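The following blocks contain the structures, represented as structure tokens.
Shared between the two complexes below is subunit A, which has subunit B as its partner in the first and subunit C in the second.
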Partner chain A sequence: MPAPAHVSALPYGGPGSVSPVESIHEDTTAKWFMLSAISYFFVVGIVALTIAAKFVWPQLLGTVSVLTYGRLRPLHVNGMLFGWLLAADMGLAYYFVPRLCGVKLWSEKLGVATAIIWNIIVLGAVVMLPMGLNKGWEYAELPSVLSALVVVAWVCFGINVFATVATRKYEQMYVSLWYTMGTILWTTFVYATGNIAVFFTTGVNQANLNWMYVHNAVGLIFTPIGLAIAYYFIPKASSTPLYSHKLSMVGFWALAFVYVWTGAHHMLHGPISQWLQTIAITFSLMLLIPVWTVVYNFFATMRGQWYQLRENVPLKFLMSGVVFYLLTCFQGPMHSLRSVNAIVSKTDWIPGHAHMALLGCFSFFAIAGCFYTIPRLFRTELHSIPLANWSFWFFMIGGLGFFVTLWLGGFWQGWQWNNPSIPFIDTVRALKPVWTVRFFSGILMFLGITTFLYNIWATVIDSQGKARSAAAVVNA
Partner chain B sequence: MLGKTDKSAVGFVVAALIFFFIGGLLTTVVPPLVDKSWSQPFENHDPAKGPTGKLVPLNAQQLQGRAIYVREGCWYCHTQQTRTLLADTKRSGWKGVDSPISTPDEFVYDSPHMFGTKRTGPDLSRVGGKYDTQWHRTHFRNPRDLTPGSVMPPFPWIVDNPDEFNALVAYIQTLGRCKDWRPDNDYER
Partner chain C sequence: MHDYVYPSIFLAYFMFFIFLVGGIFFLVKSLRHGYWGKNSEDPKYRMLADDEQEMTTRKASEVEG
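== the complex of A and B ==
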């Protein structure tokens, strides 16, 4: 079954062309969210590079308490998750939800207010996390005052999206809408588990809730909103209808059912009930079902269209992201096997895996979305397509350098740990070359971020200049 | 049923929440009800059943030290779990004696839990009592003075603050001590 008619009926027109349908959208909220997200991507990128450098030069900035590794790492993680990726994803949702519903966003005012709250949260994190105000749970480090604001902003986002869906003109909902609505519903409970319920528990019980949250922050927040973006922009960027609507439903409902069971796989071999570990392993393997149906759908959509990857920058990011998604979601279930876990768990393999998911896959989707939408939002053309190509290759080569060296290094480290005759410090020394390569790959990735930021802002500034000169012509 | 969720937003919401809550409740709310060891503090007086000992809550100074451990993000690089892997019990061991594995009943007073996910430095689940205060002072001032090749950051602002330093060391000395398993050669004695 092909994609619903309204998806392909929406204007494909080249950059700058504005159809009557397109002109009903104000998109102020989308612009705010995307532009601030891209700016935080750059700022937090500096933090990322700093902590990577600390592995190579452990004395670096070492006497300054606010710049020590343990204070900057939560800023890196939360800054990238909430400041960049989730903000960019929300910005893109504010763009495509009204378009898939055929109506204006329910309330631009509420949307802009949400964007302001979101910026307060991120700036608050930039100040508070280096001060050591850390709740002490992974991914839930933000002080309670900020996580309360996250809840407020999330509810505002939810109200806006659901109210837009409720007033929609098209009866049938495209798969991107389900994923966005699913994200909003599940995140509410997942976030509450990781940031509120944990206060009422201790020890292993608390760890179980924490890892339910950590796992589902990726599985039920970044995965569904990321797939919503991919499902919208892959057909759009390639001007090709989605291969199968039915298959997209299988993938969606399988994800909805399977993901939430797997949190305990973060504690395999650890002090948590064996039966719960086995349940987590079983469901981790079942994750292959939603992943492979989604990836098949995207690949089948591209059948006969692969030549477009030569010229089309958003499509390059999108389809590379799909390949990284396939790989990262093959690794995940494999890590959950007890025998593999005994080697890779707690090693440097894991950051390699996590970065492939959040940078290689979901950030690639978000970058593609920004490259696609920003010129359209500002009724202009992208500042420089060659520069966007440079961004792609910086991210790709830097990313692969990062992932692959950490996998090799992590696997090696795991084997060394399993031989207790090797002193621990020797397993640290062995990784020095790996961390050096990671740092230089990080520089490449940071160049990708910098060129991306420059390209987007230059596009925005170009458009303002053009608007002014157009106004001058009219007035003359 | 699912065909309808395609057209009805209300049907969609109901189905999405049902799918989520089946797994959500069965893996978070049910396990602590089934497994009492998650909430029962460790206590054993019978050597035949394994290491003896009793878990007691931390005192005020140790809790202050724990808060410093949380604040400085020590837990990003140090796990606190001796897993059911032979190598873990050897690495957490001491003077040729293997450490017992970590069990849920050793952690019932912990909040936030400090199990950790990444092991850049060694696991600390059984580190209590292994190194004396002077060792920790030198090590926190510059880890590479004692362990060449270490990538741990220096913590001069803790060493220079006796109140914080003593609290942190007091906390570290409690780690893994509720099980009495180590050979009798404490630095503390």
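== the complex of A and C ==
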């Protein structure tokens, strides 16, 4: 099928994809955030692969304290959450917020200062977490000094985004702006709960607050900013208008009112009150409403446009991310049911689910955003489209191997744990084949990260070379 | 040792209340701004247009002016 006229103008890397005129957008902040995020993705990927190997070979790296599982795991979690994904998402927000508002970013200097603070936080974590300096709470391991810097950086980010939105040319805002502003407000609340309020409570209430934070770190930080990115880049990359803006607003408000109540489903069958568990289950099921609005909107947008996936790498990542979003958001409510939860809770099913959300869905959106924006930011073409295709398949095959293995292994593990006649250590030994597949899937994903990193940096370096050549021609 | 459980619960209820009020306020405001009316689909077409060309042209004309 021949491409319609509007398609040839946009998919990245092709003729016409780069504006030939000088833009009013400086984009220095977006570049800082994205390039550092992609670099941390690679570094933390090494840590991820190391801890995956430790599951298979527990003696690996001996007893060197900084290389033990207990030290490396928080580095992996925080590095991926704050070093890669949130930094990449912020970089992409710095790209699309001014464009959607039709004005320049309010303060590029404040943006660069935010990026510097963010890099200090990530580098601080790389040093402090392996040293064992750790608050000791899931997803809130960063030492207090770094948590305080996260708050400072987040306030700077919020001021810049809200001030840009306040100066916008158009009264009606596209849905990505709503989700970005929602992310800023909700993150403030969620981060303060998990990193400050949790220390002023005790016992079960403390555990409950922590799980509220952990769940909403995904649901009210990475979900809304991830959806902001998908709502921006799916129409842009496919050069097709969104199916329904009204439906996207229904999804936004449904998410706003539903998500915050679901955290307690992590403590089902635990010592919290039954009514709280039931509320968490009810709201978890209600999540299917915003999820349906999002997925239906994206699939309806792609009606008649699916052929673009053959050539368009950002769109491949985006629509695969949407499928993973559907799967993970169906899985979440289902394993919030008491009967299912009795089997899968605390098993390997949960990391399988969490990785599908953060890697399969939101990282795919962020990778697509980087592939789309970096050539435009540096006024060049992507270094290699075939290599970008390789990245996609490494991520896809490695990710599927990882997710599916952990779901099956997690269910198996849960059934074994529910049988008191099986000694615990036997359930650990039984999982070794599962962890071996996970390690090899991890190698594929790491190849995906490596090719992605190389492609992006080669694009940037190529653009510098071209700029120097052009300057030499002008001077001659 | 002080027990902050109840103060923290009241603080949490207070924050939920603020967010609920804020949510309802912006929901009503979005009604007034036409997000649910006949112009509700305008933003999805506007975002597709490449604003850079227009703004650069505008910037150039401002310089000339």
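Everything below uses one rule, namely that the second predicted complex is superposed on the first by the 454 of 476 C-alpha atoms of A that agree within 3 Å, B and C clash if a C-alpha of one lies under 4 Å from a C-alpha of the other, contacts with A are read in each partner's own complex, and residues count from 1 in each chain.
Everything below uses one rule, namely that a contact is a pair of C-beta atoms (placed from the backbone, for glycine too) under 8 Å apart; a residue touches a chain by one contact, two chains touch by 3 or more.
Quantities reported herein were computed from a predicted structural model and do not represent experimental measurements.
Once subunit A is used to superpose the two complexes, subunit B occupies space that clashes with subunit C.
Once chain A of one complex is fitted onto chain A of the other, the partner contacts of A:99 are limited to subunit C, with no touch recorded for subunit B.
Once the two complexes are laid over each other on the shared chain, residue contacts for A:465 go to neither subunit B nor subunit C. In the superposition on chain A, A:433 contacts neither subunit B nor subunit C.
When the two structures are aligned on the shared chain, A:236 is found in touch with subunit C, with no touch to subunit B. After superposition on the shared chain, subunit A has more residues touched by B, the comparison being subunit B against subunit C.
After overlaying the two complexes on the shared chain, residue contacts for A:256 are found with subunit B and with subunit C alike. Contacts of A:25 after superposition: subunit C is touched, whereas subunit B is not reached. In the superposition on chain A, contact of A:189 is made with both subunit B and subunit C.
In the overlay built on the shared chain, the residue A:172 is in contact with subunit B and with subunit C. Residue overlap on subunit A between its contacts with subunit B in one complex and with subunit C in the other: 171-173, 185, 189, 193, 197, 201-203, 205, 209, 249, 253, 256-257, 260.
Against subunit C, in their complex, subunit A makes its touches with residues 19, 21-25, 99-100, 102, 170-176, 185, 189, 193, 197, 200-203, 205, 209, 232, 235-236, 239, 241-242, 244-246, 249, 253, 256-257, 260. The touching residues of subunit C, when paired with subunit A in their complex, are 3-5, 7-9, 11-12, 15-16, 19, 22-23, 27, 30, 33-36, 39-48, 50-53, 55-56, 59.
Interface residues of subunit A facing subunit B in the complex, by the touch rule stated above, are 54-55, 58-59, 62-63, 65, 68-71, 73-74, 132-138, 162, 165-166, 171-173, 178, 181-182, 185-186, 189, 193, 197-199, 201-210, 212, 214, 220, 249, 253, 256-261, 263-264, 266-267, 269-273, 276, 279-280, 283, 342, 346-348, 350-351, 417-420, 424-426, 428-429, 432, 435. Remark: subunit B residues 2, 5-7, 9, 12-13, 15-17, 19-20, 22-24, 26-28, 31-32, 34-35, 37-39, 70-77, 79, 81, 83-88, 90-91, 101-104, 106-122, 143-144, 147-157 touch subunit A in the complex.
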